[in-house]
Structure formats: structure tokens, C-alpha cells
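Below are two complexes that have chain A in common, paired first with chain B and then with chain C.
Our next item is the complex of A and B:
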């Protein structure tokens, strides 16, 4: 990317909390995302990885404006330099901004999938062309979601995003589980094509191999915070190339690496500690880690949220 | 002990399909075999203590075979045998299964404490190792993430009566640290009790790390 090129999407210290009934009629605010910051530039695939419950899906939902009504959002989401308001979103969703949801439950169970893919802005011809590209047979358009295998349903979800036409930003929330390696790779190539045509792709995934193989940069989430942004090459190298202790622990746990987990689990939303959310599991923890919010800072061409990283 | 599928044939909607097919059931994969047959003469053998990876393209019938082996679906022809005898039709089934979609395999109207203790009472140490927090037991399934739910689904099938465990893409929705924790635990439990495992996964590195043998369907 040329330096200075304006990001398609930038997210600045996004925070999301849910107002929930605690006991009886008493309400409590549950902070689930605390500080997410990232940007997606034209022509790049930004991979987002992190634990379940780290806020990856909620980020996607916050960008798309489909959080439930009891959610409160703070921080900023900018699309091509301007705040992504409800009104702007309405004109962009399904046209410039495409969303590939995580679960096949997002398909309407009572509508044939061909019609769902055509949706509001697509055409029948575009739908047929896309089905052919994704190896969905001629009969599939007339099927209902319950008649699809997991992998077919994934491809249908993918088709809903590709049908809109002039896509500038793709937000994909776990698009590949259930696909075989060949099909997953093919889907990733389609993401790459979106990016190579100048769009930005925000790819939320558990599949680290895919992220490393096809993303340009990787954002690492932990307990509702972005802890590091590194290049895919740095992440593949692991160890000292990474900036945050959590990123290194993540890399060590991969089956193709040492397959060695660190103990413990991510703090649950609502019981997030003061200061660094990773402190309780971190081998490098000191008093300084617990003293207030840790800001995101630039380091070695990437970004990190850690007081010790050097 | 030995779990076998002998010359199993299966198609959805045809003879032999048990209504209601068990949790997570009901999808119709692309026909991988003869016309309409999802499985057309499949045989597989797992010995106690073995960990077999089952790999194959999406829609080839891996999950269907898993449900047949665990007794959730009955084959149209062929047999599933445990030490030469059919699976018991009542009582605790020695072949237990962990599904790909935990949100579809727990009762949405049961709280997690009841889900966990449906067939046995896992001890505190196991819950700790699986990272299940006490506080989660009071919650409802919709109040937990997929990864959190999956830990319950694993804990509830590790009862003392379990001899074989069918794991259908069980860590696809987990982050890698949790995946490594859960597999290290499962491998240890399998080792201690001499369990046989059938592991369905798309991840080649995981299959190589976890399994003793890889079978293509």
C-alpha cells in the first residue's frame, strides 16, 4: 500500500457494553468490548484473530450496525474518513459494504437460497454466475437452508456478499469453518480478488493458517482489546518477531508449532481486570501492567498494547 | 474393545433414517456415493486406545458416519458393532459424540448445570481443566459463547461408561490456546482410560498432532 493512503475503515478505541437484567428488575452494564482499534486499507486483507469471546464478532456487528438494542457503543468507526452513521450504513450495506455472517442461522429458513442471494440489490443473472463460480449446482438455488450441508451453506453466505456489485469493504465473520481445505483456499482467493480490485477485507477467523496465507496484516484480539497488529510474515515467524506476550502464547499453541497451551482462560466480560487484560496469565507481569488502561502504541512498524513490549 | 462400521449404507429421507436424527441432525449433504446414497458401503474399525482422524471434502458424509457410529442414526444396511454386538438401545451408550455446533447440541431450556450433569457428575478438577467456571452453571445456553458451550459438551460425555468418543470438528470454533488445552486434556483422558477416538477435522496439522492413524472417506 502506498503510504498515506486513506484507510477504508478505521476503528478507534471502540467499546461496546450491554445493559442486562441482573436480578429482578435491576439492570447492569456488561462491558464486552473495551478498546478495539484497527484500520483496513484499500487493497489489503486484515485478518482478525483471538479467543472466542474476545469481541471479534461484536466488532463485525458494530461495524454493520446490527447490534441488539440493549448495546451501547462508544469510540469511533470511520468509513472512508467519515463516521459510519446509521443513515449512511443504510445506503451502504449490501452495496459497498458486504457482510458474511458467522452462522448459517443467518439464512432465512423459509426462503429458497437463490432468492436470498439475489436479495435487495442483486440480480438473478449475478446469482447464477456466482453459484457457478462457487461450485453450487443448478438445483441449489431452489433448495431451502436445511437441505444444505455446512460447506454449501457457507458458500451460499459468501454468495450473498459477492452479489451486490460495487463492494469496497467486506466484513467476513468466520467464513470458512466446515469447508474443506480446497474450498476454504478457494474462498480465500476470492477475498484476495476483492482486495486486489481495491477493496478492503476485514477477515475474522479462527483459522490461523488461512489468515497467515492470505492476509497482509493480522490484528490480535484478547478480552475485548486489540493487543497487537503485526504483518502476516511476522506472525508466521512467531517468537521474537511478535510484540505482545499473548501473540507469542497464541503462536506456541498452534498444532503446527509446539501445540503447548498456557494455562488459564480469558477473563470473562464483566470481570475484566483494571489495566492489561492479559496480566493474570502473562509471564512478564509487573505492577505497571495493572495501573490503568494501557494505550495502543506504534512499535517496529506495527502496533502493540503492552507497557513492556520493546 | 473395538468399534466397527461394517459395509454401512445410508441416505437421508430413505428407509432406516430415524426421525429426529439427534442434535445437529437434519442437513442433506451432497451425494458422495451412488445416487442418493450419502454413504455407500463404508467400513471402518477403531480399536480402544486408537485415535483415528477421518478426513474428506465437505459433504462427503463424515458427520453422517459419525452419527451412525454413535447410534444417533440407523444405517439403511450394514451394521455398527461394539465388540461384535450392536450398540445398546437403552442406558448409557459407550459411544459418545461431541458435535460441531455446540449451540445446537444443548437443550436451550436447560441451564448449564443441568446440561452438564445430565448423565454423570464431572468433578471439580475436570471442570477446572476444561476452564468451566462455577458461575457459568447458573447460566442459560444463549448466555455462553460457542467455545464456552463446547467445554460443557466435552465434560458431559467423559462419563465413566464412555469407551469411544466421536469428535466431529470439536475445536473448529475454539481459539488455538483453548484448542491446545482441550486436546491436551482429551489426549490425557483417552490415554488414562484407553478410550478410542474418531476425530473429524479439516486441519491437517491437528490430525497429525492428535491422531495415530488417518483415514480418507
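Our next item is the complex of A and C:
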């Protein structure tokens, strides 16, 4: 990762809320993502980790512009330095920006896989070349999604991202659940191939080990906010190498580290507290933590959202 | 599917169904306050009591119910449906002549309501929640709750009586020799009955398609198609229609029972000389052989509708056709 290179994607204080009916006909806004900030540079894999409900999947859907109609998005998403507007996104999706979803359910159950991978922008020849690269046999193109094995389905989903030809940003939402470690590692190698070809990869995952093994940097999410961005090496080392108390606790809780759980649980969407969302569980909490929104700041080559971090 | 076993199974099911329908309708008719003798000779007959006794004896009317059923069913199996009192001809001939007319009427209405309903459902579902969508929904619900004969009367009084565009009934012009009847005459007479039956049947398929489209548009693969840069139009053409068409076709075939019921009423309103008006006439005249005969034909028709729906699912849905597959 060359420093000073312009990021492909930068997300600045992204917030997502849903308007819902609360008690009868009163509408209420439910804030689910409060302040997500990150950037993806060309040639790197940025791993996004955090527990369920921290806003990881919504981030992917917000970038791809596929949130449900009752969602409101605030904050800024820049693609190659310019705001990623609805109109601009329409021309980029499926060509420069590719989405790799979680499961085979994202394929049309009644369309043959080959035709589906070709989509509206790819060509038959490109699809065949990609299938060969991903070791998908000649018969696979004529199969329906229900006939694919777990590993085949995953490779087909990868193929949909590669078929556009000129991919600059890959957004992957939990691409490896249910795969054995060998297969998951193979999938990660395919992500590396995207990055090595110069694309930026935003890899949203539950699997911390995989993220540490194959990502360049890690963004840690907690209760709808990015709390830290660190290199994968720093996260693996844990302790003093990290900047935020939550990432330290996260790293400590890993089996290969101290396997130490922290008490309490992540606050729910809708009941996000004022100030730092982690304050209630933080050993270093002071009055200052609750005083208002904590900004993201640069620290030791990474980023952190904590008033105390040094 | 082992095809030969499948076909045997289907035939067995059809025979069982026909047996059940025949027993049920026979028992119902036997319990109904219809005196076959009175129906035959008329209420003001001058026949002597002895002569009546003889007829009853000859017909076996005093036999126990199972024996009467077996005699009737045995005749049916030999192709003898009995004689219609209303038309003074064999029931089999009456049905054979009239079924084609009913079939033309039903198939035209079935096709029209299917195609129009499908596209109306899609147009309405795409704009889910809009004024157009809500109007279509109300329109379909009203049509679904309105009785077929009432719609028939409305159509009749407006297009045939008020505007005078179409004849008020029958299948061919009155007083014209059969040899002189043209195709245009026939079409002219078909329009209103077909229109009525189409309107009666369109609500179900429209609402179903609409509902299915709304469901499909909310699924993950539509989301993914959008994330891959497909436009709304491409999504609907490439994915939505593909996923809705199959269940819609199935529903349309499975609606043969409603179609048959609607046909009976529409034929009566328009004096259309098909099976339905014969059925109504049979019921009003206590014409037991004809009533039972048409009931069997109706059951057979509905059975074939459902059978086609099942077979189509197996042929068209890759998940059934290639089930198990390579995985």
C-alpha cells in the first residue's frame, strides 16, 4: 500500500436511519449506523470486522445504493475523489464497482448460471474465461443455482464481480460463511487477485482470522460507528499496538491471544447512547467520553475514535 | 419421476375422483325432492296409478339406492348416459354437441383473462402502493365478489340493450339457416359471453400476479441484480417475469373450477347453447340423467386443468425437472 495514493473509496461519517411506524401511525427514525468512516486504497484489501448488528452489511448496501426505500443516508461517500451520487452509481455498478453477496440466494433461481454471470455488461467469452480461471467446469454455466455446491456457488458469485472487466472496487459482504478453512482461504486468494490487479477490496466479514491473514488493514465497527482503523499486523499483535479500548478488548478476546471476554453487550440500534458508544463497557471511561460525538482522528498511522487514545 | 408409474398413478387418481363425484352427485340427486316419474310424464299427467307403478317397476325406482347406483354406473361404463328429459335425446349426444361451444367460450375467456390479468398484475405490482395499484386492487376485489350472472346482466344491458352493438344471446342469429351462418356471425355472438367470463375470471390472476411480483421484487436476487447495474426494466424483464410466470400459469390452470362455474352462469344469462345452460335447464326440469352427465363432465374438465398445472410445473421449473442434478 503506497502512502499518499488517492483512495478509491472514502466514506466520511456515514449515517443510516430507517423511518418506521412506531405505535400506530407515528413515524420514528431508527438510527442504525451513526458514524462510519473508512477509506479503501487501490491495491489493498480493507477488512471490516465487528459483531452482528454493528452495521457492517448496511455499509455495503449503502455503498451499492440498494438500501430499502425507507432508509435515509447522511454523510459522504466519495468514489475516486468525487461524491458517489445516485446517478453516478447507476453508471458504475456492475462495471467498476462490483458487489459480492453472502449466498447463492442472491442468484436468480430460474436463470442458468452462465447467463447470469454474463449479466447485462459481460460477454459470453469473458464469462468462459473467468469460469476457467476459477476452475468452474464447462457444465457449470448450464446449471441452475440450486445445483451448485457451496464452493461452486461462491466462485460463481466471484465470477459475477470479475466479468465486468474493469473492476476498481469490490464490496464483499460476508463472502465466506459456511465454507471450510481450505475453501475460505482459496476465496481469500481470489480477493488478493483483485487487489493485486489494482482494485480496492472492501471485505466485510465475521471471520477475524481470515481478515487478519489476507487483509492489509482492518476497520473495527462497534454499534454503528468505526472505532479504529489499524494494520492487520497491529490488530494481530493487539494490546499496546492498538488505539481503541474496544479493539484491544476484541483482540484480547481472540482464542490465539488471551481469550478474554469483556462484560456487557453492544447497545442496540435505536438506543445508541450520547457520546462514545463503547463508554458503558470501557474501563477507561471518564466524563469526557459522554460529552458528545467523538470525532475520528489520525493517530500513529492509523485512525481512532476515542478521546483518550494516545 | 418414473414416467410409467406416474401416468398409472394419474389415471388411478382420475378414476377415484370420477367414482367419488358420481357417488356424491347420485346420492344428492336421490335425496333431492325430484320425482323422476313426475319429471318424465309431467305434473298433470292422466296416467293411471297402475301404469305409473309399472313404469316405476320398469325403471327400478323402488330398488335400494346402491342397486340403482350400480345400474346407472354400469350403463355409464358402457357409454350409455341415459336420455335427457329436457331435450328428448341421449345425454351423451346433448353433451357432445354442446361441449364444443362451452369449450370455445371458456378457452377464449381463460386465455384473455390470463394474459390481460398477468400484465395488469405486473403493471400494478411495479407501482406498489400507488393510486393506480390501489385502484386495480379495488377493481379486482369488486369483480371477485360480484356474482357472474350479475356481471353478465350488466354487460348485457349496456352493450346489447343500451348500445345495441351485440346480440342479446344465443350462439348464432335467430331465424338464420345453419348453412348461412358465417364466422363473423359466430364471433359477433361470442363477444359478450367471452367478455363477461373474462371479467369474472380476471380478478384472481391479477391479484395473484401482483402479490407475487411484490414478493419477488423484495427478494435478494433482485437486490443483487440492481447492485450489478441492471435497470428496473431489465430487472423486470430478466428476473421478475421469469419468476412469476410459472406460478401464474399454474394458478390459471388450477382455476378451471371457477371457470366452469362462471361459464354455467354466463351461458344461462346469454342463452348460450353450451353445457352450462343445459346443466341449468336440467336442474330446473328435474332432468336427472342430464344433470348427472354434466356433473361428470365438469369434474373431468377440472381434473384435467389441475393435471396440466402439475405436469407443467414438472416440465417448466428446472428445480423440479432437473431436481437432484449434479450437486
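By our rule, the second predicted complex is superposed on the first by the 306 of 310 C-alpha atoms of A that agree within 3 Å, B and C clash if a C-alpha of one lies under 4 Å from a C-alpha of the other, contacts with A are read in each partner's own complex, and residues count from 1 in each chain.
Here, a contact is a pair of C-beta atoms (placed from the backbone, for glycine too) under 8 Å apart; a residue touches a chain by one contact, two chains touch by 3 or more.
A quick note: this is a predicted structure, and the numbers were derived from the prediction, not measured.
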| item | value |
| --- | --- |
| Which of chain B and chain C A:107 touches, first, second, both or neither | second |
| Contacts of A:93 with chain B and chain C, given as first, second, both or neither | second |
| Partner chain in contact with A:121 - chain B first, chain C second, else both or neither | second |
| Touching partner for A:149 - first (chain B), second (chain C), both, neither | both |
| Chain B versus chain C as contact partner of A:183, first or second or both or neither | first |
| Partner chain(s) touched by A:51 [first = chain B, second = chain C, both, neither] | first |
| Touching partner for A:81 - first (chain B), second (chain C), both, neither | neither |
| First (chain B), second (chain C), both or neither touched by A:268 | first |
| Residue contacts with chain A in the superposition, chain B compared against chain C | B |
| Intersection of chain A interface sets (partners chain B, chain C) | 146-149 |
| Contact footprint of chain A on chain C as seen in their complex | 219-221, 223-231, 234, 238-239, 242-243, 246, 317-319, 322, 325-327 |
| Chain B - residues contacting chain A, complex | 26-30, 56-59, 63, 100, 131, 133, 135, 145-148, 169, 172-181, 183-184, 202-206, 208-210 |
| Residue numbers on chain A that touch chain B, as the complex places them | 49-54, 137, 146-152, 174, 177-184, 206, 208-209, 249-250, 253-256, 259-265, 268 |
| Residue ranges of chain A touching chain C (in the complex, touch as defined) | 61, 64-66, 90-95, 98-99, 101, 103, 105-111, 119-121, 139, 143-144, 146-149, 160 |
